[in-house]
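Below are two complexes that have chain A in common, paired first with chain B and then with chain C.
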Partner chain A sequence: MNRTRIILRKVAWSVFTIFFVIILNFFLFRVLPGDAARAGIRDPRLKKEAVEMLRVRFGLDKPVINCFESLNPIELGSCNVNPLDTQFFIYVRNLLQGELGVSYHTNRPVAEILSERLWNTVLLIGAGQIFSIILGMALGVFAAWKARTYLDYGAVATSLIAWSLPTFWLGIILLFWGSSNGFPLAGKATPGMSSMPLLQQWGDIARHMFLPTLTYTIVYMGEYTLIMRSSLVDVLSEDYILTAKAKGLSAFQILKDHALRNAMLPLVTVIAINLGFTVAGAIQIEAVFSWPGLGSAIFEAVERRDFPMLQGAFLLIAVAVIIANFLADLTYTWLDPRVQVE
Partner chain B sequence: MKQKALYLFMLFALVLSACGGGASQPVTARIGWAGSPDTLNPGMAILIESYTIFELVYDSMYELNLDGSFTLSLAESAEVSDDGMVWTFKIRDGIEWHDGQPLTAEDIAWTYNLYKDTPEYPYLNGYYTPYFDTIVATENNEVILTLTEAIPNVESQLMFLYILPKHVWEGVDKLEYENFEMIGSGPFKMAEYVQSEFVRLTANKEHFSTPPKIDEVVFQTFSNQDALVQAIKSGQLDMITEMPNTAAASLDEDPNIELVVGAPLAPGVSDIIFNQMDPENCPTEEGGICSGHPALRDRNVRLAMSHATDKQQLIDVVLLGLGEPGLTLIPDGLGVWYNNSIEDFAFDVAKANQILDDAGYADTDGDGVREMPDGSQPLNFRLNWPSDSINAPRMAELLGEMWGQIGITLEPQAVDPDALTAQCCPAFDFDIMIWGWASDPDPSALLYVYTTDAIPYGSSETGYSNPAYDDLYNQQQVTLDFEARKDIVWEMQRIVHEDVVYIIPFYDSSVQAFRTDRFTGWITDQAKVELSGVTSLTQIEPVK
Partner chain C sequence: MQATLQTSEQNNSLAARLLVFWRVFKKSRTGVIGLGMLVFMILVAIFAPLIAPYGRLETISVSDIYRPPNALHIFGTDDAGQDVFSNFVYGARISLTVGFFAAFISIIIGGIFGLVAGFFGGRWENFLMRFTDIMLVIPDLPLMVVIVALTKPSLLNIIFVIGLLGWTTTARVVRSQTLAVKSRKFVLRARAIGAGRGHIVSRHILPMVMPILVVQAVLVISLAILNESALAFLGLGDPTTLSWGQMLNYAFGRGAMSAGAWWALVFPGFGVVWVVLGLTLFGQGLEQVLNPRLDTHHLMPSRPNVRKEAANAKPIPSQALLEVQNLSIHYVNEGQLPARAVENVSFSLNEGELLGLVGESGCGKTTLMLALLQLLPSAGQIVDGRVFFKGVDLTALNEEEMNKIRWSGISIVFQGAMNALNPVRTVGDQIAEAIIRHIPTYPREAIPARVTELLDLVGIAADHRDHFPHQYSGGMRQRALIAMALACNPQVIIADEPTTALDVMIQAQILELLDSLRKKLGLAIVFVTHDLGVVAEMCDKVLVMYGGVTAEYADVDVIYNDAKHPYTVELLKAFPDLTKPKKKLSSIPGYPPRLDALPAGCRFAPRCPAAFDRCHTQQPSLHRIGTHGHIASCHLAEVGSTVPLRRIAPRTQK
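Coming up: the complex of A and B.
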């Protein structure tokens, strides 16, 4: 089948999925109980008129959509209103114009906050992924090559333990260890560093990244090692590997030219899925190390019923997951030409 | 292999960090807190962290002292007309904004008018300016404030109205302006702000009344309280504004750390809320459901529950001793307004049982739970609390045991805070809730919660309605004589305590800590504790 057609079809599906997510995002958060304008604020100084003004400002005074005043509690309303004057269509129209709205909580444009946070998350998780992929693959290959020796058992046991460690707990342990070794415990940079030379700023960020990245790497390395090992052990038992051995190829050549490429497929799948969710941030790691990433932003937004922020963030995650899967599909066809067929 | 990975990382980090260092450092106080300002636009801000920053960067007409009194700040004198309606403030000469422009009465009048004319500002317009009629600046650098009615608490009404520079704010959208530059006139200047990460302020050594002795102060956000505690222990922070009570003991043992416990500057109170809303008066138009258990509308039941509540045990177990027993919604932190003459209902289980026996709540079917006098339903109450509360789960467990001794059972359940708000008021769709309030330095805000007016507004969480109390509330709003107003406020507390509208288990204490080897001069001997306030931060200096 024609490669371009397959890609086109995948693109079309992706667009459809994103469209579906846009609709779902809107209703999902409005089904939550609570009042976005009050957002759980407990203060007798917050008067009813003030809450009403907030509601008007956020557009929450308008019906959710034709026939529905609100979704939780369900309140039916007039069906005979101008659809363009309902929350749903205002949301869709703004989105089509590239407007994500203003965060209720921080009074700032959502797009601005998301871009700040996204960069932080990509930095942290990106570094964590790169280290865990490299180390996980290396350890997996090593274990598979030494299969059924004590070295293999040791590597598998280590990976299993690393993979099953609760992220939060591991983070706290490393945090305690790091605090006595001079590593910063919170944030992305030392306040006041922005006036320093660029190299120093990077050094400072790297110091801040150390503990969270280490946590991330340990947890994900275990997963990658196990997948790499089991997949490679399978491949190594194939006849063509035996043939390669018979031809007198070195261990390195067999691994590099014959085994690895085939063994990579399952790992690519898992990496692609993980990369997609990278954007959601590793909420637990961000919480332990006060890393200002997307995960913590989403957490705050849920607490405050910050609809624009939630909608924007979930859209971003959806797009990231879809793109990651799309790229994974493309990588398959490159790794294994047989995958080209439908 | 894992080891290697670790060393590899360390090497990477060390190489990069080696490039740092050098240059003479300014004297910086590093403060850790668990929050972060929501916005720097004073009109739109809601979170207390924002107000902490405003307090340092802006000036206002009055400053709240740690003993609960007020002092004039921007004005050198204030005069009030005999009828209490017209206030004339003489503004100090020679005050400058952080950008060098002069601060005059013109800026103040402009700012007050901005707050008064912007109904979208939830607190500053909604609560603090409704009594403003006109505000004008005179040529003598005076501000003349005319009120719509004479009120006794002008100081507390003005203290949160931070003065903004007219020359900056005139040209911006007053709602959407993010105010990152934050030109103010206060003892600290905004230097750097990264949302959810840190706020860095530099000293305004030219400040007219309280120039700081240090050069900088940094507020670092921690999303994890254990990390906060660990950071002060390891010397990465000089002060922390909050901590889990469980950490307090371990910090107290550290020779380089001093723990400070006291009433918070912004009063906070924990309450056990009884739904007393009579379905006949249910505010259905506002979404009232009024499904409360009928027994809770009987004072005898509430009184018995009060006698069966061991507040000291709650404080010892839930707060690990760091709190004071409560009486009414007006906490001891409100100083003179707190009625300390009220004698609380003694912890006495036998008496509690007696009260319920006498009122006809007997256990007729012998299952250990009392029934209504008409036998219709058992005294089994739903107990809810916001799921983000650290204290409430332990409290719920203890209350279950305490009230179990008088034949009352509970169905405890944590609820998402927003959902709980929806359940609470004015829906009145609950029996008992554990929650709390934050409030104003003036008692009026919390006294309002008990009024009949507050029921449809959603501020009343009990549905309590007492015309005599409502009258007193309105009286204290307009009683200008301090002593007379105090007497009314005390009487109101006596009434609601006698009616057992709530059980107030305790008043939360502010628990803060600072490192003794970094700075001296923290203010710790006052009635209230606020180490991150102007009072401490302008006084501290490095340990020699």
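Coming up: the complex of A and C.
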């Protein structure tokens, strides 16, 4: 099978998964109790006209989908309605136009708020991923190379402990330490910094980023170390490493030219699978450090029962993870020539 | 692991199985530590009312908020004036309960999905695995947050949400294990005799999937505990109970940070770390039982070479191109007696000569060859003897000096059927690499042409140069390895069973190729094989090894016409002779000795048709026979020996 077909198949699969998430996201908020919009409409103090007006405003006067007037409580309805005039299709159409509804709390479009916050999360996860991958790989390579020495045992023990730390708790501990060492405690920038020169602004952001990124790095580094180590030990016990050694290559050359690329393959898979967990870490870290990203958007939306915000943030996170997964999959195809002919 | 499984299959009582398991498990120090940590915290949770000095959620005094640890409150007090230690002890109950029950749900769902997908295959598998893939990609904590936020945050809801979203990896792991077990012989046999599906799953597949399910469960429990604490911290916990996460939520949200009350923040999280770390270590121990890994690899240095002779002893100078003097090699594993893989082996090789190194598998041939290039695995150690190459003692060189001799002086051809070529680099690239390494002055632009020339030499067309090893056939890979071995014009080539696993036609081609290269390029070759017939045509000298020692060493004519060692004679009988087509072939009953259980006397004695009493008690020394360097280690070859070799009369004709 050639490369284009493999990529096309993966694209199709990702699109399908995104569609699944959209459906899930829509129905979760219709099936489960607790949507404030409907709860508000049921308020007995509201006049009938006001209720009707709100229903029209939130689009609740339309059936959820063909045959169902409402899902919680379940009310059957006519199946002979124009599918394009149901809540579900209006939701999908709005999504396609980039509409995610209006936040209850700020009364601003959710899409607008999230697009501001998306980049802060990308910044945090990006920096954290880069550091944890680099450090984890370095430590893993080192541990594998010096396998069964005290250096190796030390690296493995450190990684196991790092893996066992609850992300938010490590964040709290570091915040505690940072608070007495002059680090900023919350947010992304000191208020009033925007009037300062650009370089100083960046320095300020970097200072704010230090503790969240450190938390992130420690938590994910452990896992990357362990995977890199076991993967590299596997590769280094392959016959072709003995061939390389017999060819007179130095240990460094063997690692660089023969082992690392092959050992990277499992790591890439894990990085891809991890992206979901990574977001979990980001939510916790952003909650602890009040970092204005998607994670804290979720955190705040839960606190304020701001459901359009919660729905939008979840959708955006899920779609981002699916796309990142797809990209990691592509990297895998590119790293391993054998995938092409399968 | 195989051994434990077999014994556990025989002993069906649970106690016996557990005993067998424990005997293996206790060897893993990390596993035992983890289990200890886990059991400790479970006991704390069970006996919470006895351990906790204060009641559950008992406010001691509202004015006693955020008191630092003291004699009354060893973990201090929290925002509500409650004893942190007591809450910690009761919190263990909540956190562990949620973790275990949620994981139970996940394991049941994942286990059923995996079993059904793996066992039934087809549409079921397709549907379930696609669904698993989708659920695997959707980030779980955000989804949990959404669901818990939309429902009531009660303990039961949290257990179900975590449980219902945590099964994906289990389903995958169980499916692949089921697939692996399904095609095993005993399952196929059960199917063939018409056993029902239910019977096969419950009696044959489940027992084999169970161990992996247990390891998976340990991981799932720890993830569930981490998820519960994160949810509780994010404000989605059951506010009426106080899990460790909930304690942190209250402390963090109610000013512990600004009050400097580290104790309210540190201890609850420490509980989570304790349990998760315990589970992780326990899981590592289980893994070690199920899937023992040696954790050794080719970059680990072997043990330093030593020599028995006095430090100031002068080596006997060597005139030959390659000369091995009294080489002995042990494999040393901690807690075990060293395995004497090679003992007191000597041979020499001159330019253009071909030495056949013959013996069954497990006789130390490969170990000897790896030792020549100082490539022994980490447990290997040269315990005596020297290796001379052009008068230089290779056993005295350091790694850097040795690297210069590898490939440019002595190169080695491994079995190409194995994974001797790097799968992610093109064959041409791997050949070029050797040239760049050893001949740095070689003009870069001329290297592709040189690689093509080398491939041409072994009969591989130029357009295969930039192909990957998986695009080559087995014979081509073997020839590519030979081309690679020739890349730096070495004087000696070691061919380590290069024709095993190849079909007869290809075997003949490869042999012919090596022989012609020897004549054309004046190479000296050590040809390792377990088949005397293979080397009969082309070699000059033959070294027969048995159980790590020299059985016989002589010119090829002597070996074929006047073999003295019964092992050589038996080997000769084991291959067909074209001049005597009616002659019966015979094989030698039994196997070479295990290196950790060598017989007391001659290593061949247990299988030797001519063995007598002395052979079982005394190891024969090397006896020189005649003047042409014919050596045999057999009591029968002793000078003046009168014991006739009646039963194994050597053939007189070739």
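The rule is simple: the second predicted complex is superposed on the first by the 278 of 342 C-alpha atoms of A that agree within 3 Å, B and C clash if a C-alpha of one lies under 4 Å from a C-alpha of the other, contacts with A are read in each partner's own complex, and residues count from 1 in each chain.
Please note the rule applied: a contact is a pair of C-beta atoms (placed from the backbone, for glycine too) under 8 Å apart; a residue touches a chain by one contact, two chains touch by 3 or more.
All of these numbers come straight from a predicted model, not from anything done at the bench.
Judged by the touch definition given at the top, the superposed model places A:176 against both chain B and chain C. Once the two complexes are overlaid on the shared chain, A:12 sits clear of chain B and of chain C alike.
Touch criterion not met for A:23: it reaches neither chain B nor chain C. When both complexes are overlaid on chain A, the residue A:76 reaches neither chain B nor chain C.
In the superposition on chain A, A:210 contacts chain B only, with no contact to chain C.
Once chain A of one complex is fitted onto chain A of the other, the partner contacts of A:200 are limited to chain B, with no touch recorded for chain C. By the document's definition of touching, of the two partners only chain B reaches A:113; chain C does not. When the shared chain is aligned, chain B comes close enough to touch A:187, but chain C does not.
When both complexes are overlaid on chain A, the residue A:67 reaches neither chain B nor chain C. In the superposition on the C-alpha atoms of chain A, the part of chain A touched by chain B in one complex and by chain C in the other spans residues 32-35, 172, 175-176, 179, 287-288, 303, 305. The touching residues of chain A, counted against chain C in their complex, run 17, 20-21, 24, 28-29, 32-35, 144-145, 147-148, 160-161, 163-169, 172-173, 175-176, 179, 230, 233, 236-251, 253-255, 257-258, 261-262, 273, 275-277, 279-280, 283-284, 287-288, 298-299, 301-303, 305, 307, 310-311, 313-314, 317-318, 321-322, 325, 335-338, 341.
Residues 1-2, 5-6, 9-10, 12-13, 16-20, 28, 32, 38-39, 41, 44, 46, 119-123, 125-127, 175-176, 178, 191-192, 194-198, 200, 216, 218, 220-224, 226-227, 230-231, 233-234, 236, 287, 386, 388, 416-422, 435-440, 445-446, 448-449, 454, 456-459 of chain B are the ones touching chain A in the complex. Interface of chain A with chain B (complex): residues 32-35, 38-51, 53-54, 57, 73, 102, 105-108, 113, 116, 131, 135, 138-139, 142, 155, 158, 162, 172, 175-176, 179-180, 183-189, 191-192, 194, 196, 199-200, 202-204, 206-207, 209-210, 213-214, 217-218, 221, 286-290, 292, 296-297, 300, 303, 305. Note for the complex: chain C touches chain A at residues 133-134, 136-143, 145-147, 149-151, 222, 226-227, 229-230, 233-236, 245, 248, 252, 257, 262, 265-266, 269, 272-273, 276-277, 280-281, 284, 293, 295-300, 373, 375, 378, 400, 402-408, 411-412, 414, 418-425, 433-434, 437-438, 468, 470-471, 481, 484.
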